[in-house]
Structures are given as structure tokens and as C-alpha cells.
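In the two complexes below, subunit A is the common chain; its partner is subunit B in one and subunit C in the other.
Right, the complex of A and B next:
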């Protein structure tokens, strides 16, 4: 690859040791983010997309979770090897995160101004006054009107969309190199969702920040991501440039996902093509390809560990059927 | 069993439900100690529409726009302040609770969160059978058979009736909710965000199931959701709500091809289309600001503070909801006269 990557995740494995058994939430995934690039992690709930991102920041709760193996190379340093105090200097400063539910990630008893300027005081070593001035500037940047007045408000004074703007202000405060946005708009209404996503796009483009966008919404991926990683049951099953993956999905799961969402720009189909059955239990995953029990094409597939193979330049897929190039769909 | 052909016209024949000038206000108290200061929250403000037999009317809008309240007012779960809800000609608003009870068999509801709408201490069979027990229609062996039949209808195996809700996945629980709604052979079901809590692949299964059941039994749906692409897929006609009012109502294809209200246009453009090629050519219309509080709605047209096409009279004159031709109704000052 010619473009310098900012983050290289190699064979990351995160397991949860629960009372019911070992949950293989993330099972040896590898991905990379280039400078200034937006990648998307897409998949259904429980597929491991959030855990794979939290593992980068070592925010997986331990116990029950544990990053079992892998390497997370960020700016030539393996984040899984550095000390806790070094890790704290990375979190919020170089890699920032925006969570799905802004109300649960903001402290209800601190003012908004206090919470945003805390990041600046910690990482940029600003004084209180300077940090507050910077906070007002940041809140203005994310589109909060009358920022000078609103810094004194508490999270409950803000609407959902405004809280998410505060979260974004906090995330970009130290001009991070990488922003992880975990379902940043799932809790928001359609018109507010569009506002927030455009804001993230414009700000990150301005600052040259790379973005990992975690979502289940295939439309958002199409609108904002250059490359897409499709996750299923703890594994990346397909990845590549968004255009290629959408034009010619090579994995039957990706194909199924795309067929099961109705599209506004097409004449209405009489039926949606749904994927049969349920996602597998991650404690007892099926042997071989985890998608096989739900797959309508792979009845003949061998029970071997799936492996990502390059099926087109830059486009990888772990389906046995797509290896020989002849797709049954 | 009757097979209802797919709806092709926008003209509503065989009207099942007629909603006329429906309004529902809630009194909201403010302040911890001075609770006498009450304000009026206009959840639904003068809404009229009708639903034909075997038809699906989609109701979209953002949170707090009153779409759920409309559904509950039709079912008389909330008693409307004003207006009429005619169900096969009978005004439900005028009936007492006792008079309503036998009629309730005919209209049912499916809730958004299937895990909260099922009693955790009831088995699946108990939950589905509850309407049968309340209305006392079938007994003994016939009761068991009906439950097995209902489970089959929604794609579950009859032996699953002995399980408890926590033993089912989200999609399966929603199937139970549907089976319960079907128990009394209703002619109308309010589907209140039935797929919002589900994953994409499961969502498609439930939408297909609802579609199949409608074809099989000719049930009419009021399909409430915030996801415009899902609503367009399942509905024959779509109504768009904003701050307690219906701003536009038309045929599902017309809605995408020829949206009239600026809010509908913005809503459509805010929905990303899962194709990077298409997305590269679209520029979403960004609405200014946020949805105003329904406690204090703006004067004139409620949408005017955020409207990109607002002009002088919008802030003072409230638009009238009117038919502009071809079954397409809109409430906007940009469309003063009927289209030819």
C-alpha cells in the first residue's frame, strides 16, 4: 500500500471469560486505517465491531474481557505493549472516541465546559482560563449556539443531538490523529443524524483526522466511508473499497445484508431478501465458516477455518465459494 | 382464505378507519413544588386521514412528533380530546370502556420492544393465548390448536410455546408479539415501530412476515416508524408528521418521486442510500437547528424556523392541510391551489 497507515491492527483477539463460557467476541481480526481515511466497521449487534474498536484503546473491561493476542500498531508503537500511563496519554489526545449514547458518557454533575476543558488541561497542559476559552471555541465549531453561555450548562440541559455535538467537541479538542465513532447517530433522529455525520465529516477532513466509523447502517457507510470491513460473529468476513464491496459483494453475508435493506431510490421490491435464522451463539460457534448455517449457497462448504483471500485488487473475502471466482449469485 | 390484491390506486375504497380532526393534548406540570403551573403539550393537533381495508398506511416522523400518540388514540388507549375515530362507521371516541371491549378484538397493536411487552413470567403460549382467554372465544382443545396455529403462522414451531420470553431472540419475540396481535383475527393492527429494535437481517424477516399476513388475512396496518425506507417498502400510502401535525400524505411511490413539503424533502435526503455511487451524487439538505418543543410550538407553520424554503407569511399564517390532486395532501403555503 502506498498510503501511509496510521493504525495497523494485526490478528487482534479479544475474548470474554464469562460464567456461561468463553465468548470469542473478536477472533483474530486485522485491519488498517490510512492517514485521513474513513473506514467503516459494519455488522449486526454482537458481531464484535465495538469490542474490536475498544480493544485498540484497551478499554475492554478486564475481567471478564481480555485481549488475548494481537498487535495494534499506532504511530510505530504497539499499543498493547505500552504501560498504562503511556496509554492514558494516547486516549483522548491521539485517539479519541465518540460513543453511541451521549447521555451515559457525559458526567451529569459536571458542567459541559468543565468536561470539555478537562481534556485540554490534561493533554495540552492548558490553564483553566485558556482551556475554557478553547472550549468555547470548540463548542462554536461543533455548532452549539451561544457557546459562552452554554459552557455553564449541565448535560441534561442539552438535547440528544446537542449532547452528541458536545461529545464531538470533546473528541476533537486535542486534534486527534484517529477518531473512533461508535454508532454516533443511532440514538438520533434522521435529520439530526445527517447534521452530526456531516459535522464529523467536515471536522475530520479539516483536521486531517482518520475515522473508524462503527455502524450497522449500510447507507451511512456508503455515504461516508472509503473502505468497509464487514464483520460477522467476531471475524472480518469481507473488506475492501466501499464501491467494490457494494457493487460486487463476494461474501453471501454482505450480499444478504445489502438485499435486506429497502432502498428509497429503487422501485419497491415485492419482497425483501432476508437472511434466514439467527446469528450464532459466540460461546458455541459453528465449526468452520460461522455463516454456514444461515448461508443459502454454502451447503457444500468444507468445515475449515475461513481465511481472507484477495479476490480483486484490495478486495478481500473469506468465503470459500468466492475463491475460484465463480459466484453462485 | 381471502386474498387481497395489492393496492394500486391512491383512492381509498372500502374505508375501514376514518380519523377526523383528531387532537390530543397532554397537561404537563412544571416545577418541583409549584405543580399548579401546567402547560399544554399538543401531541396531536387536528389530524385527519383514513385507512382502507387491507391497506397499510405508513406514519413517519421524528421522535416526539406524535406518531405513537396517533396510534394509541385510534385504539382508544389514549382518549382523544377532540375529533372522531370511525371504525367501520362507529365513532370509538363516544363509546364507554365497556362498550369498547368487544370491539377491541378487531384492532390490535404490536409494540416496539418485544422484550418489554411480553410478561416474563408467561410462557409464549400463555402470552399468545391471553386475548383468547380474555374474550372467551375458544376453549380446551380448540384453544391449544389455535395457539399452535398462531405459532405456525408467525414462523415458530408449536413446541416453542412452552418457552419463556427470555429463551427467545429479539426477532422471535417480535414474532410472538405479532402472534398475540393476530389471535383474535383483527382487521386492523397498529404496528408501533415493530422493527426498530431489530438487526437488519432480522428486520427484513419481520417485514416480510407482516406483508405475508396482510396478503393472507387482509389486515390493515398503521405502520409507525422513523425509518423512511422501511416505511416506504411496507406501506401503500405514507403520512409524514411533524410536531403533532400531518404535513404530507400520499402514495408511497409519489412520496419519493414527487415530495412536496420541504420537511419531507429534507427527511428523504437525510436517509443515506446503501450505494456509494448514488451517494456521491447526492447532497443532503441540512435542516437548521432542532425540533422545537411541542410545549411551545412556533407560530404560523410549525416547520418555518427550520424550513429552507420559508418566506414571509410562513411565520404568521398556519397552512391548511389540503389535497393538491391525485390523493396527495400537503400542508404548506408553497402549494396554495390544487394541481391540475
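Right, the complex of A and C next:
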């Protein structure tokens, strides 16, 4: 694994200073993305996966949020240190983002064409006409029929799936090196989900773009990501090659996530497993392993700060139980 | 094929949708029609009226309505209808041009205030509060005594008083729109805050502003009439409804139509704009409609 990384996130910590106290949304996470690689960030709602992605682009609302420490090295530059105007030249041009909510992520009073053209005008300094021609080409690439007519349409003329295609067209407009897809299919119909993911996969492969795929759906991870990072309560608890994490999950939380994916081939009588309890309060996180209160195996665990340890080549896990190789499951 | 059927459907923008909704509102349509008719007549009065607005006929003073003078004549024998229509020019000009000044001052200040640091924002808004708290007419009189008496100064005076409303409105709208998802999406493509304010936030805030401006027009018309009534509005012989009411007031018992017609004209024009404003408000935000 000596492939050159395009993004190196090191000990990133993002906190929210709220009325009720300090929310440690992202608590010193490190990960890397290689050139052309797709990684997945998996975890429940509120585990910090979106915040960690927004932190890369420095889009965390400040206040109340603040990136407290860490390094985000993208193409040998620490993005947390560059000026705001340099950061704007990175956003959209080198790192692009696709959001979860296609219904609200487009400006309702501007035409689709204007919004996709914006990216091109901002970064490639294209004129209006040239940007519009390129926009039509892009909309064609993301599978919007009759693009030359639909550029004049407004977002409310589009269905959710079509809007997400528009968002993808905006994101790939400047051929970014890295695409962050934040639950790109969560708001869509199950039938559209696969189409959108295939589209992202094909386009990014064509352009050689690396992808961070944020999702809570483990089902899609295996198909689209080479490596997986499992996040829990602001920490990465397990990461490794997708196949290994799938076949041999080392963290009880990953195990729980995998068990709670519904399967069509099970009999109806089998109860769908779910992880007991609620995600921890990030203002007062439990000491030691944050998953311990919900863990079925954690009764004998010591209260020490969990640490990621390599349990197999390239496969890391922070669970005390899996360190000695003997898994209780 | 579904795709083919969809592409045949005409492209409708949000504004087109709003106009379609507006056309379903009878009061709004009536208001718009009356405003339109008054505007057209005011433009064409110099062509179809046999009288000039300052054409005196001392043999026919203080006449009631007749065939030759449908609305009668005033103390100097001028045709009241002709003077009313010329007066409409003054009213409409003041009502509408004052709004341009309101927009030119109000939108940038409101938008800037919303984007500025909280201290600057606070400072601007307290300044707005001060102007807001000041009695309008008093303030206009003050500005007029400084700026002089031409009709352009009248636009300016009314505009300088009324912009605070729009500034407040735009500020509130921009702050609200800022929370919406597409703003983060715009930031994510590398747009600067100023760019987002100008290209995304202000256009999204214009609906309520258009409504406010429509409601401001009758207020400006009324302010002009009031100023002319107390003698610091437009200078005679330029006709103004306010001046006409004052002149008629001296002979109210002998020729009440001299007060009646301009008063009704003010009421009708104001009401028409108000209906139009109501209709626009409902059309631009269907959720508000009951």
C-alpha cells in the first residue's frame, strides 16, 4: 500500500461549542485516500461522519463549530492553514461535494443551467456561453435527457433523482481530484439509489477522481469502496479493506451494523437485529470505549482510552477484545 | 414516452407561476386594472383633453359636473378632470420613483448588514431603528427644507424615509435564507460569501420585498398628497391631488366636488395598490393564503 495519497487527514478534531456544552463531534480521526481510490465512511446518524467531511472543506458553521486541531493534507498542502480565498479555489475545483438532500441543495430561483455554469464560471473563468455549452455536455454525462432544453428548467421541475444528477454534474464540472459524497442516496427511492451510485462510480473512474463515500448503508459499501472506515461517537473504531471488514469484522459495533442490514432472503420470522440502546451523548461521552454501554461483549473491558491497533495487514480496530485475535463472536 | 411528454410541458419559472396565481385573485386583478387605467389616462391626458391643466376660464368657475366639464371646474375655471389626471402623474411618479430610491438604498444596506459582523450589523440596525422611530412626515418636511422644493427632491425625501422597511426586510430574509442547504452547496463549489449574497440570497429574498414595495407606493402617494395639502409638496401650477383638496377646501360648501373628486381619486388609487399588494403577497407565498 504505497500508492500516493491524495488526502491525508491527521488527528482531525472538530468541536461544537453549544449552549449545553462542548460537543465533541469529531474526536481526533485520521484517514487517508489514495489516488483514484474510493473509501467509505460508515456509521450511525450523528457519529461525526458528515462533520469530518465538512471539516475537510472547512464548511463547518463557525460558530458554533470549530476545527480544534489536526492536519488535512491535500496535494501536499495543509488545507487547515491556507487562506480563505485559497480555500475557495480548492472547493468545487479540486474537492467537490455531493450532498444528502437534493431537494433543498439547489437554489429554487435559479435555473439548473445557471447553477451548474456557476462552478465553471468561478473556477475555469468561462464565459456564459461557453459555460452553458459545457453544462449541457455535463448534464448529458450524468444522464439527463434533452439537456439542451432542461438547462432552462428550475429545480422544482426535477424529481429527487434528477436533482441529485444535477448535483453530481455540478460536482464533477471542474474534474475534481476528490469527490465527497455525503449520503448521496439516502433521500432517494431505493430504485434510484443504485443508478446514482453507479453513475458516481463510472464518472469518477473515468476522471480518475478519488471518492469519500459517506453512508450508513453497509450494503453499498462492499460494492463501491475499496476501504472502509467505521465511525462511532466521533472516533474511527475500525478500518481496513472493505472485504476484510465485511468478512471478519473485528469491532462489535461493525458486527452490529452488518447484522442490522435487512436481507431479502431471510424468513419473515427472523427478527431484524438492531444495536441495543442509543448513540452516546457527545457532550458527556462515556469514559473509555464509547461503545461499551451498548456492547454485548464489553462487560470485562477495562476503562482505558481505545487505540487503533493493526489486527491484520491493513486492518485496524480499537476494540480491546479483538487485539489478542480471539473473538468472542 | 414519459420523457417526451415532460419535455412538451412549457417551462415555467417561479415568477410565471406567481403571475398565474395572481391572475386568479379578483381583487388584485381589479387593482391592477385600475392602476393601469389611471396610468394610461394620465399619460394620454395631454392628447385627449381639450383643456390644459392650467387653462383658466373665468367665465365658468366653480361649476358642477356637466357635459363640457364631467367633474366640474375649480375656482379659476380649470377643468377638474384634466387637473386630476395631470395630478395622477405626480402621484404615480412620487409613488413609484420613491420606491426606486428605497430599493437602491434599502437592499444593499440590508444585505450588507446581514453579512457583516454582529457589531456592525447591530450598529446599522440601531440606526435603522432611529429613522424608523422618527415621525415620517416630520422627517420628510425636514429633508425638504434642506433639499429644496423640486419634485425630484420629493422622491428623494420620501425614499430617504421609507428605505428602512426594506432594509429590515432584506436583512431578515438574507439571514433566514443563509440557513438553507443550497448556501452550503454554493460554498462547496467555491463561491465567496459576497457572491452568494448577491447571486443566491438576494434573489431568493425579493418576493417579500416586491410586496413591501407595492404596499409602500400608496403610502408615498399619501405622503405626497399630505405634503401638498400643507403647502410643501409640489409647487403650483403643477397639479397635485393634495393641492387640489386644499384649494377646494376654501369653498367646500359652495363647491364640494372640488374636495370630493381628488379625495376619491387618492382613495381609489391607494386601495388599488393595496389590493395589488395583497394579491402579490398571496401569489408569491401560497402558504400564507387562507
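We take it that the second predicted complex is superposed on the first by the 320 of 329 C-alpha atoms of A that agree within 3 Å, B and C clash if a C-alpha of one lies under 4 Å from a C-alpha of the other, contacts with A are read in each partner's own complex, and residues count from 1 in each chain.
Everything below uses one rule, namely that contacts are C-beta pairs under 8 Å (C-beta built on N, C-alpha and C of every residue); 3 or more make two chains touch, one makes a residue touch a chain.
Source: prediction; values computed, not measured.
Engineer: Applying the document's definition of touch, where does A:203 land relative to subunit B and subunit C: first, second, both, or neither?
Structural biologist: neither
Engineer: Could you look at A:222 and tell me whether it touches subunit B, subunit C, both or neither (first, second, both, neither)?
Structural biologist: In the superposed model, A:222 contacts subunit B only, not subunit C.
Engineer: In the overlay, answer first, second, both or neither for which of subunit B and subunit C A:274 touches.
Structural biologist: Once the two structures are laid over each other on A, A:274 reaches subunit B alone.
Engineer: Touch check for A:59: first (subunit B), second (subunit C), both, or neither?
Structural biologist: second
Engineer: Quick one: classify A:257 as touching subunit B (first), subunit C (second), both or neither.
Structural biologist: After superposition on chain A, A:257 lies in contact with subunit B alone.
Engineer: Answer with first, second, both or neither: which of subunit B and subunit C does A:236 touch in the superposed model?
Structural biologist: neither
Engineer: Going by the contact rule set out at the top, does A:106 touch subunit B (first), subunit C (second), both, or neither?
Structural biologist: Touch status of A:106: second partner only.
Engineer: Which residues of subunit A touch subunit B once you look at their complex with the stated criterion?
Structural biologist: Touching subunit B: residues 44-45, 159, 161-162, 189-195, 198, 216-223, 242-243, 246-247, 256-265, 267-269, 271-276, 278-279 of subunit A.
Engineer: Which part of subunit A faces subunit C closely enough to touch in the complex?
Structural biologist: 57, 59, 85, 88-93, 96-97, 99, 101, 104-111, 118-119, 122-123, 145-146, 149-150, 152-154, 156-157, 167, 170-171
Engineer: For the complex, which residues does subunit B have touching subunit A?
Structural biologist: Touch list, subunit B to subunit A: 62-63, 169, 171-172, 199-205, 207-208, 211, 226-230, 232-233, 252-253, 256, 266-279, 284, 286-287, 290-291.
Engineer: Applying the document's contact rule, which stretches of subunit C touch subunit A when the two form their complex?
Structural biologist: Spelled out, the residues of subunit C in touch with subunit A are 3, 7, 11-14, 180-182, 184-192, 195, 199-200, 203-204.
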